Amino acid sequence: MKATGQTFRVGIVGGTGYTGVELLRLLASHPRVTVSVITSRTEAGQPVSDLFPNLRGHYDLAFTDPDPATLAAQCDLVFFATPHNVAMRMMPELLAAGVRVVDLSADFRLTDAELWSRWYGEPHACPELLAEAVYGLPEMNRAKIRDARLVANPGCYPTAVQLGFLPLLEQSLVDVQRLNAFAASGVSGAGRQARIPNLLTEAGDNFKAYGASGHRHLPEIEQGLGWLASDPVRLTFVPHLAPMIRGMQATLTAELVDPTLSLEDLQTLFEDRFASEPFVDVLPLGSHPETRSVRGANVCRLSLHRPQGRDVVLVLSVIDNLVKGASGQAVQNMNIMLDLPETMGLDAPALLP
Amino acid sequence: MKATGQTFRVGIVGGTGYTGVELLRLLASHPRVTVSVITSRTEAGQPVSDLFPNLRGHYDLAFTDPDPATLAAQCDLVFFATPHNVAMRMMPELLAAGVRVVDLSADFRLTDAELWSRWYGEPHACPELLAEAVYGLPEMNRAKIRDARLVANPGCYPTAVQLGFLPLLEQSLVDVQRLNAFAASGVSGAGRQARIPNLLTEAGDNFKAYGASGHRHLPEIEQGLGWLASDPVRLTFVPHLAPMIRGMQATLTAELVDPTLSLEDLQTLFEDRFASEPFVDVLPLGSHPETRSVRGANVCRLSLHRPQGRDVVLVLSVIDNLVKGASGQAVQNMNIMLDLPETMGLDAPALLP
Amino acid sequence: MKATGQTFRVGIVGGTGYTGVELLRLLASHPRVTVSVITSRTEAGQPVSDLFPNLRGHYDLAFTDPDPATLAAQCDLVFFATPHNVAMRMMPELLAAGVRVVDLSADFRLTDAELWSRWYGEPHACPELLAEAVYGLPEMNRAKIRDARLVANPGCYPTAVQLGFLPLLEQSLVDVQRLNAFAASGVSGAGRQARIPNLLTEAGDNFKAYGASGHRHLPEIEQGLGWLASDPVRLTFVPHLAPMIRGMQATLTAELVDPTLSLEDLQTLFEDRFASEPFVDVLPLGSHPETRSVRGANVCRLSLHRPQGRDVVLVLSVIDNLVKGASGQAVQNMNIMLDLPETMGLDAPALLP
Amino acid sequence: MKATGQTFRVGIVGGTGYTGVELLRLLASHPRVTVSVITSRTEAGQPVSDLFPNLRGHYDLAFTDPDPATLAAQCDLVFFATPHNVAMRMMPELLAAGVRVVDLSADFRLTDAELWSRWYGEPHACPELLAEAVYGLPEMNRAKIRDARLVANPGCYPTAVQLGFLPLLEQSLVDVQRLNAFAASGVSGAGRQARIPNLLTEAGDNFKAYGASGHRHLPEIEQGLGWLASDPVRLTFVPHLAPMIRGMQATLTAELVDPTLSLEDLQTLFEDRFASEPFVDVLPLGSHPETRSVRGANVCRLSLHRPQGRDVVLVLSVIDNLVKGASGQAVQNMNIMLDLPETMGLDAPALLP
């Protein structure tokens, strides 16, 4: 069912995690892209469908050892679905070979190498590319993404939070020194790693905050909100772990600078701002978005409230952390970079129930 | 992204349940079909995306009152996604108007009107069509389905159980008087109805058998197994409710007539029998299929065991109860009836994790 | 295993919900109390263990029609485990008959009848008792509870939020005009009612905010926080539904009036304030309480953070919504009223995993 | 609240797993027992309540390195809550020192050392004690348990399956060559180990069979059923993993030797057999036991069916795998050994919802 036109060959570095299998799932239905390489140091030689039985019949591909030369030879574009500290080591060689990259890891999200090393506890291995890397939130940076060699795909929390605050900050409507983001994520946000706290027996039927004193996504969020506000912002950000597989919900509050602004005005502002965005959906007034409404889909759904009619605006924002919060947004960025229709391969509805 | 060729118009009667929303989800990605009508007595006038927020942006369609004349005028094919006892009342008029039907309810699954009324507690309203109705298990009845006016789409348990036993019964390899099927279903199998036992607080973190003295799917299963065996069969069938949304697993056991038959022989038999079936996947020896490997996908995955090397063969069979167990199989039947590629609209991988 | 001393007879009005069964569970292990009456209009005549199989072997008691005279004759103390609008109709007669009452419903939580009727949409039926009713948060009102005829047992959100803010407000350490409470509850908080949104298929693997424009617990919380602060407060309160059975987590933020106050100072303040409270547990610095650590137990666990070292204090508070958030606190209040050891019947550890 | 009489000191070897924390939870409410030692090689020095926050306030005890001499000096009775292959190495020294032992591991469950080493892949380290060890299913072996030095606490599947078949086998009512047991367990049955398949993201919303070709509990079950039947039996046993924390359900089928035996006869047989058993509950005809009805409680609930009135008897059996399937049964055995009331510390109702 591949549509007419050139077929692009893409590679995935680090394909054994959840963002890797989600890229494979999404790309299996993409009419103009073929996955030509998928790498894993630990699983080299093993067919991807042995690790991910949902892919049986969809891929006849085995993991290989990561090798920049091979990637350069066999791929037009490469996704990094690795933990931080991998992409930044291979990046110079790949870019030099003419490969374009969408990096789903945190390596190129912060433009400030100092800030990066403060949060990640080691020096940045490739600071010379930080200025060139384009922050891949299409709703903010579409034009730059189109021509980028290197796109830093946003984190899941940053995506949910930035999209929710975006119109308020662009229009300078709220006190940027007093922003709050309370967010809850499904356990897949923690990756496919054998850790006791993420066992069903530990994370099931349980709810907790984590990283309350400081989460690595905070500097990325504040950086992005600062760009939107054209001013430094201050955010209290508290992430939580919810007993579910996928899904992320952010509850955002801010104080209105002008309390005479009505909820209806704000609703119009949001609807107008996102009217032409294919993957942001502003719900009608009175709504509460649910994470299940975006399960498996590359959509952020938002709704607005003004609790008690007071001068606080409340934005509710949901995404699938693995899709609009990771692999779906990466495919969206790829589509933009390859001059394909932005929604290509991303238009299936969410799985509900 | 509609492919070339005629576009067919389909209708859905009773679209407020889980099989209804699943039909809508699957058909949204189908390149040759448009949903032109969706009915609901209780929700008439309401947009489908108000009830099912995953469909926002995918359908600009509202529920209407069910009316055979309208359905006949606007649809080439109609799905019934109703409880039993609805389809059989509208069927004569629809068929007379030249509409073809895939009925997801139980109304036309049993060929014996007496048997039907014993299990459903009332007379069958349309016994004259029972002989014509084709039982819509494509792996058994593909040729008949192609020309059918009325296809009775199998139940979820019957699909998982029949596909698992199929090669054994066709080849008369097991004692058909001593078949066992232990099966577990996600809660979506109980439908979208406000019932206390299906609350998250009641069904969550809980496991139980139900219908142990006799479940309505039993006669359908025994009928189908009887066709496969060309002989009446006797099955002990125990369904269970598992604390999950989707998914069905059947564990089937039978005594081998010829105990010298090796597990490898059986494996070959299964692989050969299903080699050309697009939606049945026989796993390698030693495997245990998981329901999540088919979440959202129109696939039945099977594996074979011979516990302790004794003369019992064990088949494990998983499906998504809403897809291969209901709406996906209905679309598969529709594809066959409309002479479309059988996999059209059904080739997306399962959602994992 | 009943200890020496008088045995008290208690009644439960409205015993078919989750707070009812939880009272029965807790009281089954209480050495000085016997449940003599349990009422239900809809289930009169049915043994409680038919409805709640966990109670088989523990109670030989059937539901009866609610009748004030019978309750007065057979009970020293009565719990109301009813929806709002029931207790306030029976209260005068019961009190007149000398029965003492712990009301788990919302009827007597607000002291302002106007405010009550604004949120509940009807006039209060018994405003003359509002002044006498004692708000049953023992950590705030222990002395008054001891002698009360009528104790209004707090709601679950109010309990988690008030305990978390308590030391900060008592000591006037934070800006009371800018309080935030984001809270998540398990589905049992919605009661044992047949509603589609609470089905496992709808609430499972899902997270959402609700009541964002105004939840009925807000006035109760603001009233209690106002008492603690000796001043009106302004709270942004957003409740969420988490896909779990039990458990409630509140994430509270406030701006420190004196930013030189260190996190260690705040920790000491909390530890001192709750040192003699048997059911409030302040975790060590750096902790994040988990709802599962209080599953089934009458405990509120708290921890403190100061995100990024900024002038915001963050309190994390977890309870079991059915225990410290409802029935456990009711038993605690009963113990105080009956001059029994406050922890009697409430000292079993939480169920983990 | 310790009752009058001697207080016994018990030790727990290997207390970092789920059976360890469950022993601690249960013993916290036991009026005649104090936990004096709890060991862990990996966590020595750490307070138990750091690892298990539900125990905060209940234990002032830290893990220590396991040492037989210390255990002997400080304990009247020792529980082994270890993986297999630990207890059998320390056992001779402990017994020699006069300590009595309840071993929750598999080391002494099989009386045949050959069989043990076939299933566990190594020689048994202490075959000389196998004959002395008493299989700790009180409903079968109460008298022997009373005087035992060493009790081998049954596995969870064996408990659920043996109790369900017990009256049928004792009375020789079924064909013991054709027994079937399909069973489903919550994930806590797999222990508190960091394994990817047991992550919430992998085991959640999922159902699968495992060990279908042969599970280590099978020889233990067949051994126990053989004792009951006074004859070797043949069982097809298929365990499954259900997406829940606790709970185990077994669905047992057998062919009646005498088909004229009515379901009512069988019901009477079961009720009579278990009438004086405090922890076996035979439900009324027509029931289906639920695992949540025993969550946290030391109970096995059973119900009987005769599907379709055919000559097959179906027994449904539920337990909490960590309680009657492990730690609760261990406490029950301890009570018997110490001549305490058998139900002491085990009489709290299950946690529902």
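As written, the chain order gives the labels A, B, C and D, with residue 1 at the start of each chain.
Quick note on the criterion: a contact is a pair of C-beta atoms (placed from the backbone, for glycine too) under 8 Å apart; a residue touches a chain by one contact, two chains touch by 3 or more.
Not measured: the values here are computed from a predicted model.
Listed here as common contacts of chain C and chain D: A, B. For the pairs B-C and B-D, the larger set of C-beta contacts lies at B-D. When chain centres are set by their Cα atoms, the one at the greatest distance from chain A is D. Averaging C-alpha coordinates per chain places the centre of chain B 39 Å away from that of chain D. Inter-chain centre distance (chain A to chain B, centres taken as mean C-alpha positions): 36 Å. Separation between the centroids of chain B and chain C, computed from CA atoms only, is 46 Å.
Touching of two or more other chains is recorded for residues 18, 186, 188, 192, 201-202, 204-205, 243-246, 289-290, 292, 295, 353 of chain C.
Residues 1, 3, 18, 21, 24-25, 28-29, 31, 52-58, 188, 192, 204-205, 245-246, 281, 283, 289-290, 292-297, 299, 301, 322, 347-353 of chain D touch chain C in their complex. Chain A meets chain C in the complex at residues 178, 180, 182, 184, 186, 201-202, 204-210, 212-214, 218, 234, 236-238, 240, 242-247, 249, 251, 253, 286, 288-292, 295, 303, 305-308, 310, 312, 314, 316, 318, 353. By the touch criterion given at the top, residues 18, 186-188, 192-196, 198-205, 243-245 of chain D touch chain A in their complex.
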